[in-house]
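Two complexes follow with chain A in common, the first pairing it with chain B and the second with chain C.
Up next, the complex of A and B:
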């Protein structure tokens, strides 16, 4: 122990630290998508939102020197894309899944276009809190350097669950998602509710993107997100549209995604790419296990096109 | 003066009345051409404003886009070469769309098709070129076909959403490709860019005589026409469209929906797999990460812009191939980033989807009965 080596314990420790580090974008995107889907609409474009958020956060953080302004900018960029999605979906006979695919392409394209000058410079990063101060072992300290955004996400999940259950807004969103007719009969604009729900969802997904560029991996490049956004959308489905389950699922995903780098750090390099695909394989496997052709999923908003 | 203005208005008002059947018969077809074209022009307009905000002249933009896409014989050939895989990957979205399924995993089927085709070619090194080429085409089609059939089967038997599963399979396919290319299938001589061994110059499928456009374009056009005949002129295609329109009606009249879904998904994947084979056997000569060039994703746009009609896919793919071919010129002459083509594609996609709201709403096309 004295020389700081902990042998094979490195792997589970790195997976644990990785779970916390890598899960943050999953967490924010899935919470955002949870709100959107509860209102009865699916936004597949969050993959594009994530990349756009990462780019805006990096750019603003670089220009202003304040990473927190970057996070805010990422959220705003995300909610703009959300508003675009909701706006197009408000038109009659427009398919929300197709619009999501379009915005996925548009968001990533726009981010690469605007982000071209940002590949070189280094922007100030988000701070992390050192929970590992008590330990002498560098790996433990590294695993316990936890970012503030992750803590925010952890706090946000139960608050969202509570809001869905008890607040007026939560009830409205759920009404729009379960039966748009009832919401309309009560005198509320379903399109208005979904617009706001998609914008808030985009805001959170944008923040998830800011984590990618401002903390981990912590730089802006075009390979920054490879499917985290779409994985998080799938994650909401097997988290049964429950924010707390989104939190646990994100952690499981982060752990799976951290497996490849963790094994590489102890010298297992063969199959590195296959381990990197672990989150996608895990998503697919869990969807195969939990979905069924005979019944709709428990907890699924009735208006959601993806489960009908 | 007033008569001058009034006359053409009268003429427009009178012309349909003279032949009321014309618009009733062709109004919908005219709509299918008019509305996507309007969406395309609107998207080009918005993109013009977009580059104007970055201090470029939109007229220069349109000029160079035209030059780079269709201005010279050289750029025509470039556009047609890019159109070949686009036709094939667009079919990967358009065929399942007949069943009401949204498959967006053409990129994955392309990669798996390329890997299978390369694998087959490397196993058959000593066979005559024609045998190798045929085997590569079969290998690519079977590989890609099974890959998308997996999505279709999961949808039918496990209720897994096919849009998400097919996209997840893209990332899994990319991981498998990277794994094989950097591991078991790596050519030790490829140092900077890990690749498989080359399939050999003799086994390349070559160009259409008199051009630099490879045979893949012909494969694509044949596949598109065959798909059109299959969907609109066979009992199988009719059954597929019935099932796409109303799944319960299809079950009541006794259609084997599972078989339909699996077959259509296999054909869709086979077509994207063939695109992968073409990219290997006509362009790259080997498999490496270059193959993930986004043809699968642009193919989705082509399919939607063609309103999932296999015949319309051919001209639309050439148009989109032209847009991506002009990217290089835009980069050199206007200093636009290489992602500008992607931005334009995204804008086009958004406008095309938004234009769905217009169908049946254009007054003069309704043809009063």
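Up next, the complex of A and C:
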């Protein structure tokens, strides 16, 4: 320790730091998708929304010099894509999964097209709050440099859980998702509710994208997302449509993504492909443990096209 | 010719080529004497591998009488054959640069056999006598520039620990890691290089995690071999570590942290190739070179590089340019203690054994599998 190294402690610290650094996009996309799916619709296009959010955030931050305007722009771009998804799905006999796949390709393609001139410039990034001031170990301080967006996400998860349980809006979203007939009988427009839920979901996914380009890894390039959006959508099913479980699942995925590089850095070099695949192995394991042939997925909204 | 094998697609392609050829023939002859096609596997502005080639293409655009056509994000599949055929038949390209390693066999070889009048210059492949004569492969010994980066890194590190973020353990990558480490040990015999493999050419989150883990281990100078070094450079600089770049000059991203870097110099090589063709000279089918042949170069030193490091690096660079220095000079042990190059054996740059490298030299912490 005297030489400034922390030896094997790197691994738990990297997993902890990784959980904080890598989880934020997962968290925002999964919370957004949670709202959308609770209203009875699946938006698979969030991968495209994430990439589009990352690109717009970087572009706006570069052009205006304000990363926070970039975050806002990412959210707006996300809600526009959400509105597009909801708008197309409002038409009769349209399959939301197929539209989602189309929008995933559309979002990434559009972002790559518009993002061409943004790969080289350096845009102002989001600041980090230093929570590690109490420690004199530089590694701990680095792991505790936390972005506000992560904290927002952490606060948002219980609020969302509470809102689903106890607020009028939460009830409406759940009604639209569990039984559209009931919502209609109560005099509410199911399509209107779903439109808003998908737009809010897109807004959150866009913000998740802004974290990717403006904080960590912190630059715009075409390999930036590498499937994190689609992983986050799967994560919602895995979290049983519960915002708090989305938070824990995101943290677990973030930590698992840090495991491979961290183990290699302390000299555990054999089988790094296996450790790099840790997040997916984790998913499979939990899916196998929790699934049952005797019942449908617990917590699944009844109106979802996968459960109907 | 076997007429049974003419497919509908060939007929359509032939028809299209005839019509367009007659329609465009006059125009292309007047506008350009020669059309050159560039094919990239990724985005051409990746601040890395593909951008280096695109800078070479940009150098050709400045020459008179040349028309350059480009296509990016062409996968290493049948898609590249279609791209090459359309460049030949529709754009009239007579010189093609398919720049990705995986294009060569079988795609370039197949297309070259079909179009004997077109010249194919492939980056990274190993041309042999059995391959079509109108195809060729060129590559640069960028490990020479990595060796220089290693010397500068060895002088600059305070902890003696260097870090290398690598994509996959293939020979080209291992050769860079080894050259970097040998260079560092020349400057600081106790220096070690910790390597982390991310598993693929473009994995920004993994690259950022690898960078952070290395710095947590006390590494204070990093370099990499991935397609886009931007993530590593920016994240390392954010943590206060120093970096050596790769592919192109990344110093604008982190001017204070950037020491030097190993860069491709395609903007010097490609115009040379074109001039050779224009003067009727034959480009050697198997073309290789390093600092001496100006196929690779080193980034200008950053402000953090000491005078001592500059002097040492410049001295070795001059010997490499003069061709009097051998990097892989026996005895060299791998990091498991086995002798891989025996004492008295000099493996010069052109030694084909080096292109089959499957070990990490002593001083590298990490394993190839």
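Assume the second predicted complex is superposed on the first by the 288 of 308 C-alpha atoms of A that agree within 3 Å, B and C clash if a C-alpha of one lies under 4 Å from a C-alpha of the other, contacts with A are read in each partner's own complex, and residues count from 1 in each chain.
Quick note on the criterion: a contact is a pair of C-beta atoms (placed from the backbone, for glycine too) under 8 Å apart; a residue touches a chain by one contact, two chains touch by 3 or more.
On a predicted model such as this, the values are computed, not experimentally measured, just so you know.
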{"item": "Partner chain in contact with A:93 - chain B first, chain C second, else both or neither", "value": "first"}
{"item": "Chain B versus chain C as contact partner of A:44, first or second or both or neither", "value": "first"}
{"item": "Which superposed partner A:126 touches (first chain B, second chain C, both, neither)", "value": "neither"}
{"item": "Partner chain(s) touched by A:22 [first = chain B, second = chain C, both, neither]", "value": "second"}
{"item": "Touching partner for A:270 - first (chain B), second (chain C), both, neither", "value": "both"}
{"item": "Touching partner for A:113 - first (chain B), second (chain C), both, neither", "value": "first"}
{"item": "Partner chain(s) touched by A:221 [first = chain B, second = chain C, both, neither]", "value": "second"}
{"item": "Contacts of A:262 with chain B and chain C, given as first, second, both or neither", "value": "second"}
{"item": "Chain B and chain C contact sites that coincide on chain A, given as residue numbers", "value": "112, 116, 226, 270, 272-273, 276"}
{"item": "Touch list for chain A against partner chain C, complex", "value": "3-6, 10, 13-14, 17-18, 21-22, 112, 116-117, 119-120, 122, 139, 142, 216-219, 221-224, 226, 228, 257-258, 260-262, 264-267, 269-270, 272-273, 276"}
{"item": "Chain B - residues contacting chain A, complex", "value": "102, 104, 154, 156-161, 163-165, 167-172, 174-176, 178-179, 182-183, 297, 300-301, 304, 337-347, 349-350, 352-354, 356-357, 359"}
{"item": "Parts of chain C lying in touch with chain A, wherever the complex brings them together", "value": "42-43, 45-47, 159, 194-199, 202-210, 212-218, 227-228, 230-231, 234-235, 238-239, 252-253, 365-367, 369"}
{"item": "Chain B contact footprint on chain A (complex, rising order)", "value": "44, 48, 84, 88, 91-95, 97-99, 101-103, 105-110, 112-113, 116, 226-227, 230-231, 233-234, 237, 270-274, 276-277, 280-281, 283-284, 287-288, 291-294, 306-307"}
